[in-house]
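First chain A sits with chain B, and in the next complex the same chain sits with chain C.
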Partner chain A sequence: MSTQTHESSPVSGPGTPVLDGPPRAASLGGAWRRFLLRRGVGLVINLALLVIVTFLIVQLIPGDPATAIAGESATLAQVELVRTQLGLDQPFFVQFGTYLLGVLQLDFGTSFRYRVPALEVVMAAVPFTLAITVAAVILLLVLGLALGMAVGVATRGDRRRWLGGTFNVVTGVISSVPVYVQATAFVVIFAVLLRVLPPAYSPAYGFGIAAILPIASLTVGGMCSVARIVRRETAVILEQDYMRTARGWRLPALSLYARHMLPNLLTTALTLSGIILTALLGSALITEAVFAWPGLGGVIVQAIAIDKDYPIIRAAVFVIGLISLVITLVIDVILGLIDPRTLGEKRG
Partner chain B sequence: MADTVNAVRTAAASPAGPRSFRWNAGLILGLGMLAVVALVAIFAPIVLGGQASGLGGTPNLGSTPEHPLGTDTLGRDMLARTLVATRATVLMAAIATALSSITGIAIGIAIWLAPRRIRELGLRAIEFAVSYPTMLVAIIVAAILGQGVVQVVVAIAIANVAGFARLTANLAAKIATSEYVTTARLMGVPASRVAARHVLPNMAEPTLILIAGAFSGALVEISGLSFIGLGAQTPAFDWGTLLNDGLNKIVVNPIVIVGPAVALTFTSLAALLVGDGLAAAANPRSNSTQARLVRDKAAPTIERGDAVLVADGITVAHGASGATLVSDVSFTIGRGEVLGIVGESGSGKSLTASVVAKLLGEGLSASARRLELDGVDLLGPVPPRELASKIGLIYQDPGTSLNPAMVLGRQLSEVLTLRLRHSRRASRELLLSKFRQVMLSDPEGRLRQYPHQLSGGMKQRAMIASAMSTDPVLLIADEPTTALDVTVQREVLTVLGRMNEESGTAVLFISHDLGVVRALCDRVLVMKDGKIVERIDDMAGLSAESVSHPYTKQLLAATPVVTLPTAAPTARTEGES
Partner chain C sequence: MVRKSLLTTAAVVAVGSLALAGCSGGSAPADGAETDTINAELWYAPATFDPAKASATSDRTIARLGFDTLLRQGDTEALVGGLATEWESTSASEYSFTIRDDATCADGTAITPSVIAASFEYLTGLEDSGAQTWKAQAFGTGEATFTADDEAGTLDVSLSEPYSQLLYGVTGSGTGIICPAGLEDTEGLAAGTVEGAFSGPYTLTDSTAGVSATYSLRDDYDAWPAWETVEGEPAATINLTVQPDSNTSANLLESGGVDVARFYDSNALRFEEDDSYSVVSFASSAYNLVFNQSPGSGSVFEGNPELRAAVAQAIDPQGFNNAGLDGLGVEQFTVNSASYNCALEEPSLLHDYDPAAASELLTGQNIRLLIMSNWDPAADYLAESLRAAGATVEVSAPDPADWTKQMRTEPGTWDVAVAAENAESGLIHLSIARYLGPTYAEGGTNVAYTDNPEGVEFYEAGMNAADSETQCENFLAAQETILEDTAMMPLITDTHRYVARDGFATYVLSGYWDISAMRIVG
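Take a look at the complex of A and B:
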């Protein structure tokens, strides 16, 4: 699929008519260059915005942020300590300059609670969250695609109504159960009743064993949602003119579904996967609480609800935002490889 | 989602009739469930309010006849508490959804209508916002505003705005680049009108589905925030806080989580059923039977002779309704002959062609007394390889009949490598020679291109090249020039005529345009309402006097004469589209 990126043709791309010489077919090289340049610039702008947003988390607290953070029972001295620690006694732009300089050196300040650089606390939690989230996304995409495609093909043109109906009911019910409710149910079933898996993370268990339930609870609902969407999309794609063309060529079923249908499905599935992944990061933040999983969720909820540990909140928000940005970019690059129409400027 | 639009157009063009809204079981069930939730939300606090917050009962009860879902740590009935919490939970989710959908759609449309620079900027901003997990945005808002009911609603509303804006902008962009909107814009229709007439109606369906999904999402997220202690604070309670209370007692008294867990799932499922039901209702797939092609028991009325194609008594009926769409159509095509079928849309001409091609659409059943192609009986099972090599197909709209996700070389040569077992290299060479024959500029370069990089005329010529690459005995061209502009039409017709002359392939040419047919065909059948009403054998002497049926006379009167020069001036080149 990557052959079009190193095109030798000097033609700059579709939409640019060639003025001299015999007309030549345009290559995609130009489209890729423009796409990467645009997205590179976008990434830098997004990073800048991320810095501003994390900076403003403290500034936007209604009333006096220092008083709010220190808590109602804090002494005046404690409030002033918070004020100097967060630099809130400085003029606004000095505060921002200091914050920006710090971020550029990967310094988000010292955690109020742990007395160590906030980023260290956050980075210690990142692998835990990424491990279960990435595993869940890959699993739910692969399984969801396979299931949705299989059912979509099997029920094409209203064949096997019973299968379509059963699929709809089962996946519908499962995907409506909130992830944290599912996680709780899994704990009850597998840890409390069957006693086959640990109920929560603990160094005493192997990492793999402890990760099964969190990954499963993050995967199952999403897989059902993906399968439902893929099945619907399969039905739509099967009715497209180009599928009729492929049938007109009498192509074997494998080529028909794997080569002609799948890439068009992937466009939808990958567009979705970006949304699912960010949603899943969110679900993970809550689900981790059920399993006492030492990931970003526990860190950020503790920092907000209990410690009011704003350096940690800033660092965690920055890191989660960065992860989302990188993943969105990677997904768009993969989308471009599969379906170069998405490289166009008109797409969001 | 542009595919959804295509599906709608397909549905509108299908024999099932015009697009219509159809109630279905899922939608009715979902609405019913939502109605139950709404009634509970209205009446439960009035009726059960006291029981839900009154103290003094036995704490931590399991399931008893009096308290089927047990009691909490303060002895309050969990069933009553769950039902009473419905109002707070559902109201929060509904308000958050309303706020985010209205704001998001407005932003999305504003961005799409804005000048290019602002639009780009806006899309970047949305992308930035969307890249934040909903939960993280909510947590940021909670970190800034503190915990509570209003904060959570605002948080979830803000978090979901970007999703609506992105969907709206993306849908608008996709629909805006679709061919019919491009056409409208090129015709000078103002942008606001394009938005109102073309873009918004086509967005209604996915947007409604998104709203249903967003409601269910808001419900789950708000309850999730309450679950981790960032939402409703005591003494206020919603399903999330009830679930959290229950979680602490999960080992001792697991029954208490049943109420909020089931309530959450029930309501979320209702919203999902409504969303799906709406999708199905707006986009009904009426086909209920598989396509069937059977042999008519009656004796054939046409002898085989030396014709390439013998079609005797083709009849097509709609499987579900039994309505006859084509009745008793018979014809033959000789070697090297070009037979035209003309008729208005719905006259059954394309259906006739699909029977001959053995590509009958779902939900239709067809029969014939005899259907033979080059000595092969098409009414029985035919090996796909035989069909692939004997029949070449060209379709109406080259814009949609090529796979957008595959380069031309790959998709056009697949039939050669997979069905005719040519080597990859031989297939490529063969396709290249056909590309040259149809006068495609830079044939090698075209192989590496995607369909969207070619103009309509070039795509259709590539289709012709592919159809001819198997060296078929019959080429079926179903309205091959209808989607093209007049000059391109001429080129395509000339290429078709030349292919017919050079390779001697017989052609079945379907068109609604007698002028086009007249320029190319040796003989013509005129179809109306599924029947052949006129057979014209003498094309040279065709005039209002030589035809008998009034419909043919009408067609003839409405068609200017088109003649094709014998020396084809197709060498003119074309820019990229």
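Take a look at the complex of A and C:
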């Protein structure tokens, strides 16, 4: 915790460097600069690797794009015509150079299938994917915190052992079930049997109601994982001296848990949510297939399995990677604001 | 600490907002009596809104909504008028059409013979694989000349090489007439942004690439074909979303999320006994076993008709149907669906299932079977049938694009292959040409690498005949030569079903599912 860091001032002694001026603000600012520089360089390197690896990987996808695009009735001459039009007859390094030059201008090329800029197709789907993944992360973070805290408080000091055991079993089972299985189960229960929610996306339904099951299926497993960790953290925090003191002062429960315990849990929960969101982007692509959700999943599956649409695949992988990297960076910045120790500097 | 509290508050507010949005966003789908909209699905996203460049099924489907063709497939007879009211052929190279005088483009421009000629010239002049396929299906392999007479209201089509299938060819959605506004802005045409380009009943009013398309009925459109069995009102709006999963389609249809859905598997059976749904079926693909007879390829079937016949005896088409198509396919007696015009309709030329007889020749043979990757149950069935007859079978199941490429260009890598033939074009000559005539390397489409001069003669006679009776006689004779030589073995016709929920109707016309014939029946 930042409060503890501030309170544990270094003790001067022989060989200890003498600090000039107001040491804390200056060193914190420097730490931030070095942190942002370090992470900025890392981001650029990661993106460069992403661009290069993506170019190389799509070459390994089985199937000839020209044959796929030309269609089953095409003659060989028509297939070769398509190959020329797509630039696939060019030498490897020419294709790579053209690709790199394009990417520098955020141009991933024209979609083989749609004949429009690939990034345009991908960006049309991104909001749909982000709508369910971001909502799911917020929900699993908040609900996981609430559930973990509640059970942690209820079972502190080895109280209510049945609750702790039940909690462990239930959350363990749920978090171990793959997201696509949960999604299918939700469809069966809420759409097919109970008929209270739509089974999939359709213009016949409102966007909000169609999003409930996809968000729920992405939320439940992660929520259980967060709750399990938060519960353990809660148990540890409740044994801290400052919490004993707060309880000794008979502070109201809301003040005790919301003001003194929750902020200390946020570091762990936020770190975890960043990892979960990155993983959820992968899960969302599968979940979208279950719910016919018009996000990146369908675009990528069609691009790989049907069209061999290299520009779309490259643009989609780049965008997903970029989202993941940026979110990780944002969460690290937030963690830095909450707890400067996470900036990676050995201070004091 | 203040920052932490703010974060907590923000998270709670966000979740609350989401919950409210979720709870307030929905409404129950309307039934047919309450709506003027049809919600339907496409398996894959359309790639282009230019009908001339349409190559995938979804492209062809949406082209039908926006662009009218000269002729249409009919319900009580094979052909009915579209933009043409009368048509005649004086030979297989000379055709004449009388164009209706009341048809207009979406921007009000009259659709005259000159407008149609300009659209055809655009199609035939394109260097695009989709356009070249449409050109070949509509006008054959030679050059086509279009002569328009706006005063007389006629369009004459003259072909440099005889092509007897033109009248059926110009029913294809890829030959849909593009109005002058579309030809002036071909990029906008492909993107669907030129409203004046549309000649058909609907205009594209909204689309998101890879996701959805919305079509709106034109107020001034009154050029519907004279179908006699199509009843109900055309939808004012058609929403098309991309949804490839059959289970999801069935769930959406049951919940009212879509009004019409296409099924290729047993999900269709969920609706067949239910009076709340109507079902129509049509041939989607024809599955055939192709024997590689390429000289010097090393194929065990080259010059060995007895061995080809033995394979045909070793395989039970119904078993293939059960393994690969949930038993939903229908019998097939020739190169394509028995429902095709001029297709053989009885099985007398097929080999009876007789694995005992087959094993006499197949025992000890090494056979390389080529099939596409997503057909594991069918591949297993075929391989095990041949193994049961004593053959050693090596199965190769590449990606569909590689499978196509291998069959066409790498005859040294396979002995027998499963070929999937599109069964929606209605043109039998395309399927006949898979098993005779020039190979792909020679500019043709003969995937069996056969040498069948007698069959070629019948095929060409059918292509050159002006009257439909002579065409059929020759096309039937060509099919007989193919089957007598066992150049291929018909397996099964993959039959797909369209299911409409109560209040909506959809129609199959002469074996062709026409999206523009979807109706609201209240």
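The working rule: the second predicted complex is superposed on the first by the 252 of 348 C-alpha atoms of A that agree within 3 Å, B and C clash if a C-alpha of one lies under 4 Å from a C-alpha of the other, contacts with A are read in each partner's own complex, and residues count from 1 in each chain.
What we mean here is this: contacts are C-beta pairs under 8 Å (C-beta built on N, C-alpha and C of every residue); 3 or more make two chains touch, one makes a residue touch a chain.
From a predicted model like this one, the values you see are computed outputs, not experimental measurements.
By the touch criterion stated above, A:71 is placed in contact with chain C alone, chain B being left untouched. Within the superposed three-chain model, A:49 lies in touch with chain B and out of touch with chain C [touch as defined at top].
When chain A is checked against chain B and against chain C, the one touching more of its residues turns out to be B.
Of the two partner chains, chain C is the only one touched by A:210; chain B is not. Looking at the shared chain after the overlay, A:289 reaches both chain B and chain C. Of the two partner chains placed around the shared chain by superposition, neither chain B nor chain C is touched by A:37.
Legend: residue contacts after superposition of the two complexes on their common chain; A:163 is shown touching neither chain B nor chain C. By the touch criterion defined above, A:325 reaches chain B but does not reach chain C.
In the superposition on chain A, A:192 makes contact with both chain B and chain C. In the superposed model, A:106 makes contact with neither chain B nor chain C.
Once the two complexes are overlaid on chain A, the chain A residues touched by chain B in the first and by chain C in the second are 62, 68, 187, 192, 259, 263, 289-290, 338. For chain A in complex with chain C, the touching residues are 62-65, 67-79, 81-82, 111, 113-116, 120-121, 124-125, 128, 135, 138-139, 141-143, 187, 191-192, 195, 198-212, 215, 258-259, 262-263, 266, 289-292, 294, 298-299, 302, 306, 308, 334, 337-338. Note for the complex: chain A touches chain B at residues 3-4, 7, 9, 14-17, 22-28, 42, 45-46, 49-50, 53, 57, 60-62, 68, 156-159, 168, 172-173, 175-181, 184-185, 187-188, 192, 228, 232-233, 235-237, 239-242, 244-252, 255, 259-260, 263-264, 267-268, 275, 278-283, 285-286, 289-290, 300-301, 304-305, 310, 313, 317, 320-321, 324-325, 328, 338-341, 344-348.
Only residues 1, 3-5, 7-8, 11-12, 14-15, 18, 21-27, 29-30, 39, 44-45, 47-48, 55-56, 127-130, 132-133, 137, 190-191, 208-212, 214, 239, 241-245, 248, 251-252, 254-258, 398-402, 404-405, 408-409, 420, 422, 430, 440-441, 443-445 of chain C touch chain A when the two sit together in their complex. Within the complex formed with chain A, the chain B residues making contact are 3-4, 6-7, 10, 26, 120, 123-124, 126-128, 130-136, 138-140, 142-147, 163, 166, 169-170, 173, 176-177, 216, 220-221, 223-224, 227-230, 243, 247, 250-251, 254, 257, 261, 264-265, 268-269, 271-273, 276, 279, 285, 287-290, 357, 359, 362-363, 384-385, 387-388, 391, 393, 395, 397, 400-407, 411, 414-415, 418-419, 441-442, 444-446, 448-450, 452-453, 573-576.
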